[in-house]
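Next come the structures, one after another.
Consider the two complexes below, in which chain A is the common component and chain B and chain C are the respective partners.
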Partner chain A sequence: MNLFMPIALLQHGAMQQLPWWKMPECWWLTMGVLLLLADIFGKNISHRIIPRISLWGLCVAWIVAVFAPRGAESFFGAGYIYDGTAYFFKAFFVSATLAVVWMMLADEQERSEGRSEYFILPWFAMSGMGFLSSANDFLTMFVSLELVTITFYILVSYHRVRRDSLEAGAKYLVLGALSTGFMVYGIAFVFGLTGTLDFGKVSIFIATHDIQSGVAFGILLILVGVAFKVGAAPFHWWVPDVYQGAPTPITAYLSVASKAAGFAILIRLLMSPFYAIWTQDVAGLMVLAAVASILIGNLGALAQRDVKRLMGYSSVSHAGFLLMGLVAATDFGLKALYFYLVVYALATLLVLGLVCVLARSLGGTEMRHFSGLAKRNPYLAWMMLIGMVSLAGLPPTGGFFAKWQIFAAAWEAGRHHLVLFAIFGAVVSLYYYLAIVRKMFFASADDEKETVPVRVDPVYFALLSLLTVGTVVTGLAPSLVIKCIQKLAF
Partner chain B sequence: MIFWMPSMVFWFLAFLLLGFAVGVVAFRNPVSSALSLVGVMLALAAMMIHAGAFFLGAVQALVYAGAVMTLFIFIVMLLNLKEETGAHIGWAALVGGVSAASAFAWIVYKSVSLMPPLWLARVVRGDAQALGKRLFTHYQLPFEITAILLLVAIVGVVMLSSRLTIHEENERKMEAGGCSSANGNKEGGTC
Partner chain C sequence: MLITLQHYLVVSGLLFSVGLAGVIMRRNLIVVYMCLEMMLAAAALALAVFSRYNQNMDGQVLVFFVITVAAAEVAVGLAIIVSLFRLCRTVQTKDLTHLKF
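Up next is the complex of A and B:
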């Protein structure tokens, strides 16, 4: 099925109306509210059991999201649609949230004393992202985006006694509010010109009226807001600071789920309201943003000493690579984008998961702390190696196929310069990804005392192993993964 | 579609609004800034009423100019903020800011001037009944999501401002010990 058949697919009443209990977000929100109530009334035991209930609940939600029956359906007067794109992103968001809460559980055991909200808020963020992936009008899109963002403001500043966490939260709040302002201005512009907020109707109006220059301005402003959310240049200034200051599981959540949420919006906008003027006006902007992100992300990462900050710059560059998949605006490009998202998520969760677990035993997240890790715990060092190799895009892992596909999609669309820039960026990235590997395997720890083996909680080791296996499988059998994505999303 | 020419009232309100908006940023005294913001809100409310959105205009005046801004001014006075020391604006920032602003203005001008003469696609009836009907039928889902959004905001405020746990208390002491120069330093010292 060609996804880029915007108008016919989104007509009102063309799809079956959905009863409320078929919306997964309703259940996720119910779970979130119930956990909050349990936190209030079960004072003495709640902080022990709520993290676990949260994790097991996410396991159930994951099974439902991945194996639920499919079929395009709509809800709330087509304000909410449940099609392939929504299925894929919901499954993606649940998986990411599951991994993140798992990570939190290992990281925050003693800290969580009386602070169970940390484990409950991801349910709300996840619901917001779910609504976002199903949003079919600007109002639902905007409100659910705000639900996601506000939850993230809270989660980022969760370590409130630490200066950098608070600073990260404040920075994210101020810049996020500014970008939201741009986005609302853009939405207002589009609404003022077309008189409707519904994606399908907007696309019909644009196709039948000569208002392209005005709408293009609205789109420009909306894209500013979305570029901020995905951390694409030139709206990436918050990324390194916030990624460094946030608690590590939240850094992972931001770089995986929040970024994917931005791309869910972009895909929705591309599929329907702005399809008519996408190829001429918007694709050019995308190319610019992609080139800028790839260059700034990769060159900026070269100078970093802190691994979390480095991952921030790296995520800016990956936003650029992901945008390449949208430039093409074809099914092939979209498939490449989905595959890249999955591979990127696995590798990022793996690397940040390792940083999270190692930060305490190594004494910090700076690069020098990782010196000699291969001698202290070879398993973890090899896992880190696999994650880094996948992020860099080298052959035995999924990263290679993901980059190759997304480059092919952009090349096919005639964006040859973009591909050349991207290859340059990918080559540069080898240096800083492999710098950590070099430290781990070939540098000895600066302090002779720090050669005691590093131990990891087996529960946590299981998560890291799963992510490693995922990264390797996407590299050894990419066609299998692509088939799964195709089954989910198309 | 209805052609719509901006009246004198519109231009008057627009300049009033922009003047107040500049005031919010330009005033050194936080109370003056907050009062300018009240002016912005009221001018915006007047503009809404002028455009026929009576209910929205009334809500804007009541909620923003009335409740929110009163709270703002209360807090500004409670905190007893001193006059802001002027931020140092370097050449690079000045050039960058001016060029970004003029680029933005140019894009607005270009996109608006290419359009047919100023027009609005449709004028929506702006009374409470019409709004409520839309909100509770067609836009029920975003309305409900807003409820969740407010819940999350409340939980977040409680979580971030609640009493420190024992663990956090220890962590705070460690943080303060790690950079003793900034300990209790209210001038915003960094370490």
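Up next is the complex of A and C:
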């Protein structure tokens, strides 16, 4: 099936209208509100129970999202559609949120000030991302994007007794609001000159008219706003600071789910409103952004000493690789992009999960804290190795096949220089991904305190093992994973 | 003189530019935040005008959402800035240099 047909041509009348209870986001929002109310009225017990309810609720939501029956449906007139892309992204967001809340649970256990909003807010962010992946007009897109962003402002600055967290929150706030401003202004121009907010009608307008400078200006501003969200250069300034300062589970959430949400909008925009101009005009911009992201992400990461900040720069370069999948604008490119997202999510959650659990026992998140880890807990060191190898894109893990597919898609689209440049970028990235591996396995710990074995909570170890197995399975049986993606998304 | 679409768009463009310039040049977080709100107001103005020009209400509906979202953003944003002030006793952007390598 060819995904790239302007949605309006599918005739909305033929699409089944969805009753509200069939939208998973309605349930997710209800759950979030109920948990907030429970937090207010159940003062004494709520701190202990709410995190658990949140986690189990997410397990249920995950089962529903993955195994729900499917068919093309729409809601809110045509503002919300529930097609393959929406299915894939909803399953992706629920999985990411589940892993992150699991991570938070382990992270917060040892903290004395147990506040339960930390476990409730991800429900709202998840609903926003779910709506976003179903958005079929600019109104839905804008409101759901803001639901995600505003929730993330709170989550990033959540540890408000720590200066890092608040500073990261303030920076994210200013730059996030700036990108919102750009996006709304762009939407205003696209609306003004096409006369509609509906993706399908905009796509017909763009396909049948010459592009006026006003529309081009609007499209450019919208793309700038989205580039902020995915953290692609040249709009990446917030990424390193925010990733470093945010609580580690939130760093993982930002780099996996928030980035994927940005790509969900890009795919929606590509599939419908901007399809007519994608291959000539927009793809050129994507190539520039991809080259800039790969260059800046990799060069920036080379000099880093803090692992969270390094992951920030690394996520900028991965945004560049992901954009390569969109340059092609084919089904093959999209499939490669989805596969890359899954692999990237598994490896990033694994690495940041390890950083999160190790930060306290190692005394920090800087690279030097990881030296000699292989002697203190070989399992964790090997897990970190697998995660780093997958991010770097070396063979036995999923990262290799993901990069391979993305490069093949871009090569097929005739972007040979881009592919060669990206391969160069991937080679450079080996240096900083393997630097930490070298520290863990070959550097010795400086003082005697650092030879005590590191222990991990079994609940948390289970999560890390799952992510490790996932990373290895995507590498050993990529065709299986691609088949699953195909079944969900196409 | 008749006030046309162009006049409104010029005003909206000016508001947007002043806001953007403020975000880039001002050094106080609160003022930066006010400038961001100005950019949103510029977008809202453009939407309302275009809505009138196109003879359909979609744009004006979106303006209501923009205003609501801006209010939510201000609530969260000011809370963050106030917490930051309580902790660090400053809202100057030049003092936010704790995070670097």
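Convention: the second predicted complex is superposed on the first by the 480 of 490 C-alpha atoms of A that agree within 3 Å, B and C clash if a C-alpha of one lies under 4 Å from a C-alpha of the other, contacts with A are read in each partner's own complex, and residues count from 1 in each chain.
Simple rule for what comes next: a contact is a pair of C-beta atoms (placed from the backbone, for glycine too) under 8 Å apart; a residue touches a chain by one contact, two chains touch by 3 or more.
What you are looking at is a predicted structure, and each value in this text was computed from that prediction instead of being measured.
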Problem - First (chain B), second (chain C), both or neither touched by A:397 - result: neither
Problem - First, second, both or neither for A:163, with chain B first and chain C second - result: both
Practice task
Mind working out whether A:173 is in touch with chain B, chain C, both or neither, as first, second, both or neither?
Solution key: second
Exercise for the section: Give one of first, second, both or neither to describe whether A:309 is in contact with chain B, with chain C, with both, or with none. Expected result: second
Problem - Which of chain B and chain C A:211 touches, first, second, both or neither - result: first
Practice task
Applying the touch criterion given at the start, work out whether A:181 contacts chain B, chain C, both or neither, answering first, second, both or neither.
Solution key: second
Exercise for the section: Kindly classify A:371 by the partners it touches after superposition: chain B alone (first), chain C alone (second), both, or neither? Expected result: neither
Exercise for the section: Would you check which partner chain A:251 touches, where first means chain B only, second means chain C only, and both and neither mean what they say? Expected result: neither
Exercise for the section: Return first, second, both or neither, reflecting whether A:133 touches chain B, chain C, both chains, or no partner chain. Expected result: neither
Handout entry: On chain A, positions contacted by chain B and by chain C
Key = 139, 142-143, 146, 150, 153-154, 157, 160-161, 163, 192-193, 195-196
Handout entry: Residue numbers on chain B that touch chain A, as the complex places them
Key = 107-108, 110-112, 114-116, 120-122, 137-142, 145-146, 148-149, 151-153, 155-156, 158-160, 164-168, 171-172, 175, 190-191
Handout entry: Residues on chain A engaged by chain C in the complex (per definition of touch)
Key = 138-139, 142-143, 146, 150, 153-154, 157, 160-161, 163-164, 166-171, 173-174, 177-178, 180-182, 184-185, 187-189, 191-193, 195-197, 240-241, 244-245, 303-306, 309
Problem - Contacting residues of chain A [partner chain B, same complex] - result: 29, 33, 36, 75-77, 79-80, 110-111, 113-115, 117-118, 120-121, 124, 127-128, 131, 137, 139-140, 142-144, 146-147, 150-151, 153-154, 157-163, 192-196, 205, 210-211, 213-214, 216-217, 220
Completion exercise
Contacts from chain C onto chain A in the complex sit at residues 12, 16, 19-20, 23, 29, 32-33, 36, 39-40, 42-44, 46-47, 49-51, 53-54, 56, 58-59, 61-62, 65-66, 69, 72-73, 76-77, 80-81, 83-84, 87-88, 96, 98-101
